[in-house]
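These are the structures in question, set out in turn.
Two complexes, one shared chain (chain A), two partners (chain B, chain C).
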Partner chain A sequence: MKDDGLTRRRLLAAGGGGAIGLAIGGGAGFALGHDDPPADQPAESPGANVVPVWGPHQAGIADAPQDRLVFAAFDVTTDSQDVLADVLRQWSDAIVKMTAGDPVGPVAGHPLAPPADTGEAMGLPAAGLTVTVGFGPSLFRAGRLGLEKRRPSLLHPLGPLPGEELLPALSNGDLCVQACANDPQVAFHAIRNLARIGRGVVLLRWTQLGFGRAAATSPDQQTPRNLMGFKDGTNNIDASDQAKMKRFVWVGDDEPQAWLRGGSYLVTRRIRMRIESWDRANLDDQQVTIGRFKVNGAPLSGGQEHTPLRLSAKGPDGEPAIPDNAHVRLAAPEVNDDIEILRRGYNYTDGTDPASGQLDAGLFFIAFQRDPAQFVALQNRLGASDALNEYILHTSSALFAVPPGFRRGGFVGEGLFA
Partner chain B sequence: MKLEVPTIFPARHLAVGLTALLAAGTLAACGSDDKTTSTAAKSGSTTAAVSENSGTVKLTLNDDGCSPKDVTIPAGTTKFEGVGNSGKVTEFEVLDKTGLILGERENVTPGLDASFTLDLQPGSYDFSCSIGDHKPTGTLTVTGAATKTEDTTPSAMVAAAVAGYKQYVAAQVGELQTAAKGFVSALKAGDTQAAKDQFAKTRVYYERVEPVAEAFGDLDPRIDARVNDVAKGDKWTGFHKIEQILWKENTTKGTEKYADQLLENIDELATKAGTLKYDAPQIANGSVGLLNEVAASKITGEEDRYSHTDLSDFKANVEGAQKAFELLVPVLNERGEQALVKTIVTRFAAVSDALAPYERPDEPSGWALYDELSKADQKKLAQAVDALAEPLSTVAEKVSGSGAKS
Partner chain C sequence: MKDDGLTRRRLLAAGGGGAIGLAIGGGAGFALGHDDPPADQPAESPGANVVPVWGPHQAGIADAPQDRLVFAAFDVTTDSQDVLADVLRQWSDAIVKMTAGDPVGPVAGHPLAPPADTGEAMGLPAAGLTVTVGFGPSLFRAGRLGLEKRRPSLLHPLGPLPGEELLPALSNGDLCVQACANDPQVAFHAIRNLARIGRGVVLLRWTQLGFGRAAATSPDQQTPRNLMGFKDGTNNIDASDQAKMKRFVWVGDDEPQAWLRGGSYLVTRRIRMRIESWDRANLDDQQVTIGRFKVNGAPLSGGQEHTPLRLSAKGPDGEPAIPDNAHVRLAAPEVNDDIEILRRGYNYTDGTDPASGQLDAGLFFIAFQRDPAQFVALQNRLGASDALNEYILHTSSALFAVPPGFRRGGFVGEGLFA
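Then we have the complex of A and B:
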């Protein structure tokens, strides 16, 4: 691929977030959050649901959540920046192709060569595929790739947080790839082929499948339900609200590591639900635990789903209509110094817990924010006193710095190696 | 019957300097093969090299060699046609002075004829019309000026790799026969400890060339089936049956029958292995096959579930894969695949490094028993093997065909 002449400076300036006009079509949800695609963007045929791959931000953050997720964390085995950069270059090339609904290479090439593309996405549409790459704190550790001077200022491992019992094998990682699509096979195909391309340089550390989006990032998108049966994400950031995205999601020009400007910080938490206990909680208990009505999602303080919470409202008994320890109250910006995060999680199930025979299912929480402290503050509050804690346990955790988007001729994260 | 060998890669004339050809110590060997075409047709590894000035050398296969005995021909493409006239001597070959077979036909019984075509450069060569020992029975002198040849050097490299692999297989199978005799002697003598000590050491030779045995139907299962490989109603024989008796029952009693069968099957392997023909992609695929063996059963401890000597087999599989790869390195280098070679060499080294901590010179097998491996150890080994097998799986294509790039 030839350099299109776009300098890194221009790219970074574009990614700075200040002067960007977002092309928002409320109906065309999948285009949210991207600039007008450059002229060299792969053609987007109507109905093919191709998400623009190039732009100031990576796809898969501000785009309306697709139905399915395959998330993968990798360990990096090389200590060579060049070798890692080469994998990212190959990944970017593959991401461009797969996002357009194309294979990464011939499915039937030379008869004596293993097929370059594994083939399971043949005949399937692009399915709104987005692939988002991030870098974990461990990648920047001294004595590894020599990237310690490039560590983003806020990229430090999340300390112990209340409400967690983490499985190390399912936590953290040097790299992450989030693949979202409206077809699970398309998302799996993306992760599988990227893992294959990187084999020997990056090792799969853990993967997580998500089967039903558990967040909306636009009021136009119907709020989905999590596995507790409640609408989840009613109060999420509207990704079309540029001011909010700039304030809460995109890393700004104040970040000393210029390569990350226009990127974001990605937090994942595998939140296992104690499904059996929850299912035998009575309706009242479930509703006061969450702070909303189960069926229509309206706050217990009254109104409809999107009616703002009235935290001071009292019930007939004189007690707060939304209890002090209800989930929505503790998570509300009003009680968290106006902190917000962009949630983009998925429901998951990993079968049964062999020890108990109980369902291993819950929420694979994904959030984007411009500072991991946003999540930490919320979790400190929720983990300490949320009524929901009786029914959930955080079993994995990871933090990644998500670099800005890339353009034709470039590759994701290239600023890190410049 | 005359079958056309398909030319997958369009031939391209290359001005290959004579010095380069001589420096490589070889010559054109783009044989087109009129009789046994299955291998070439499957892999597309043979390039027909026929030019207008081709001549024909007719040979009659007699009990004491071919007639005529000594032949002089001009340089260029020549067809060698053999006519069977002997129940004893049924093959004819052209060899260079190093003994490398440049072209051959076999099973040319009385009344049959067969041919191959070579593009020969000036120099001295031998005919061998023998009972299979490749001893020269006549001479071939090629005169005149060197002809422009098609992309000959890579093909000569391929021939060298194939010859090298044949030698390797023969050597390993020979060692296997010897080691197995010792193993069986211990079993027959009722020396349980000695038999246990020799079990893993004997298997090493088999594991290095296992894909060869897999080419012969049920030969591999007869020698090496694990208990869960055996279909209901079938008899379980071979190494692992003996292993089960030795370790589970701690005796040699009951192994005698299996010991005899093992020797017979290994002798059969030796005989059959000598008849196998390889091409470069097959050697490359065999190399990947060995690593798949490692990933499928050695890393999981399923291979030697009674003796737990899996790591010895692991090492042998890797050695066999490495040998096959190393023989193909000149072909890969010739075709500009230095970067791939470097990657694979590095990753073979990484697998060896990952295995090294488990080397135990004091153990009869030379390796730690499988029980010693933690889950984390297994994962590390598996990942090293996967990292190696991925680039290795691209070698077959790279060494296929003539190497001419159209």
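Then we have the complex of A and C:
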């Protein structure tokens, strides 16, 4: 894993005084500093944490969400399985290194070669980086790479859904990479270096930045707020509940394509919020739209944030305490055949819409599930009746099959090419 | 400063168990929790720090740069000085509160009124927030607000400069607000609430997100790296050097418009990097383009990062160790009549350019100076000869006069309306 002499943490340890560099041009001589502190020294701060990269599942799904996201979709330009597999092998090597806080190769290698790492993460800790790779339905189309017989049984483009006006340039893709970290520069560095490694074989299609994770995935995490100012993700799946993860998130042995077992299906939806309309809505309107109190996140049916919804509770006027079209009611497992999904979304803001002068901001929704139909059923219900629809619009959509984790010496998605 | 009972830190202190909320609709009753811990308790973590808001200069200039930026430019739609002054007064009240980590007003006030704060920063610390306001040249145009006689002597639109292809929709503006914080959600919350407060009087023109500050402003800060992977800002002005700040940054008593004395001029330039070309350039090319070693930031003329450039040093081949067209040589005070500027830029990435499939990423350059000519002279020199021009393009530009700080009971820019 540490197969080059120069790690980001070692650079940190060398500090400003280390004579690190290579003699080039007409400058004075510099020697590459191999002062070699122990490679596996413990991280010095919570921000430096290293998430395990090996395992039965890819990182970035069941781990506690980090604070920052860079998500990228790629188009594949080769028609050779071998060429694509080779990129995935190189990506996996890079993912292993970057997850450990190391560069993907020497920043200062041969003076007449481009640096093997772009360098902007030097001096930064691992920052909890996770990198998660997925395959889109288009990758399996007949006449491309010859993968049509290996298409996962449930991997078909999401049909039109209510509540969407999709921008094709920001939707779909042959591959996806989800990079999450507690430092945006670390997440950006990951996407940028994978794009660089894949040059000539894969082409960036779209990217999305996110911040302030909008869903907790364990009861220990304080529920963060979305850009409507409400706590978001209170009733999310607890990712440490392995029974629930097995039931709702991980692809099981019933999947005919063995290579996907232990993986998941990833749905992304860029949900633009009509911020200005929302900010003009009164508190009561906002709370009945969501079905929760704004400040403490408790259901309108009473209790505290984590009190279960009492969907049958009535108010003094005899009407349901949580209105029939409130978002939390329509999204509740109780009214959705007990369906749950694992949400891992992030808030986003992409500047100002030049047409309206309004902020282009909202939620970049990410969900993992063992069957895309879990999401589709929910969105059909929400898109049809949700009071929230007055304030949101889905502007991009994508679906990916996320292969299981990989082992030392292997690479992500290798089963697809077996 | 603490004129409402509900602060973000108090909400934190109340934790998940606090019965905070308002009885509305048919739900169970909730009482607003006034548990009132001491209002000025010390911040619990470095991320919770509060930057002083009062003083002779606005915050966000001489303070140590935070990690995240949201920058906004606004157009003014009123022609009334009084109406604009009233917005600035409301903005100043909001800035004082948000800088302290408080909401701008009750998130849960009257159920039939829109919340006075949008709420997404509830539970987050102050995060070192600073908010800095400036006035663009267009605000002083004759026939608008009648401010033409109060135009600062040096506030004129930047003329065409070499190396730019400007996007008008992302350039200029009547007002600007620079929000910096160690949490992007806190910075976003500030811009969004100021836009909300100003509705009907000011209109968002453009916004820009930034991360991973690209310049240190004191020798104690480790020099961060820009997206070319190089340390950026090694030779920046040390903002604690008051003689230098007076000489290069603060508008002095020679300014005929007394209201601007103690302020500064703010230049922004969105500098897109041709990331893919840069990543294909070899290490030697990169280093001679910048004039420094990539890994440790030392000048090519030798030494360590903070060793002064030896512009006359020659290499073994008799050529200058730092080439004639290297960026650091052309930007060096020694060859620019000793001119310096205070840089405070941030890295940015705004997704993918749909035309090319390349990352739209680079540096959102921010500089403060007592005379815009300081920047113009530098950019004329850099734009004409800098080896870096092969890899960058300025795509937006703006200039603002930044009024001095304000006092308790006053408001930012009040001198303009005196």
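What to note about this one:
One rule holds for everything that comes next: the second predicted complex is superposed on the first by the 370 of 418 C-alpha atoms of A that agree within 3 Å, B and C clash if a C-alpha of one lies under 4 Å from a C-alpha of the other, contacts with A are read in each partner's own complex, and residues count from 1 in each chain.
The criterion applied here is as follows: a residue touches a chain if its C-beta (ideal position, glycine included) is under 8 Å from a C-beta of that chain, and two chains touch if they have at least 3 such contacts.
The structure displayed is predicted, hence computed values, not measured ones.
If you count the residues of chain A touched by chain B and by chain C, you find the higher number for C.
In the superposition on chain A, contact of A:Glu305 is made with chain C only, not with chain B.
Contacts of A:Leu203 after superposition on the shared chain: both chain B and chain C are touched. In the superposition on chain A, A:Ala113 makes contact with both chain B and chain C. Legend: residue contacts after superposition of the two complexes on their common chain; A:Leu147 is shown touching neither chain B nor chain C.
Contacts of A:Ala373 after superposition: neither chain B nor chain C is touched. Touch criterion met: A:Pro184 reaches chain C, while chain B stays clear of it.
Shared contact residues of chain A with chain B and chain C: 110-114, 196, 199, 203.
Taken together, the chain C residues at the contact with chain A in this complex read 6, 11, 16-22, 24-28, 30, 68, 70, 107-115, 117-123, 169, 183-185, 188, 192, 195-196, 199, 203-209, 211-212, 222, 224-230, 275-276, 279-284, 286-288, 293-296, 298-306, 313-317, 319-321, 323, 347, 349-352, 354, 357-359, 361.
On the side of chain B, the complex with chain A involves touching residues 43-44, 281, 343, 347, 383, 386-388, 390-391, 393-394, 396-397, 400.
By the touch criterion stated above, chain A contacts chain B in their complex at residues 77, 110-114, 196, 199-201, 203.
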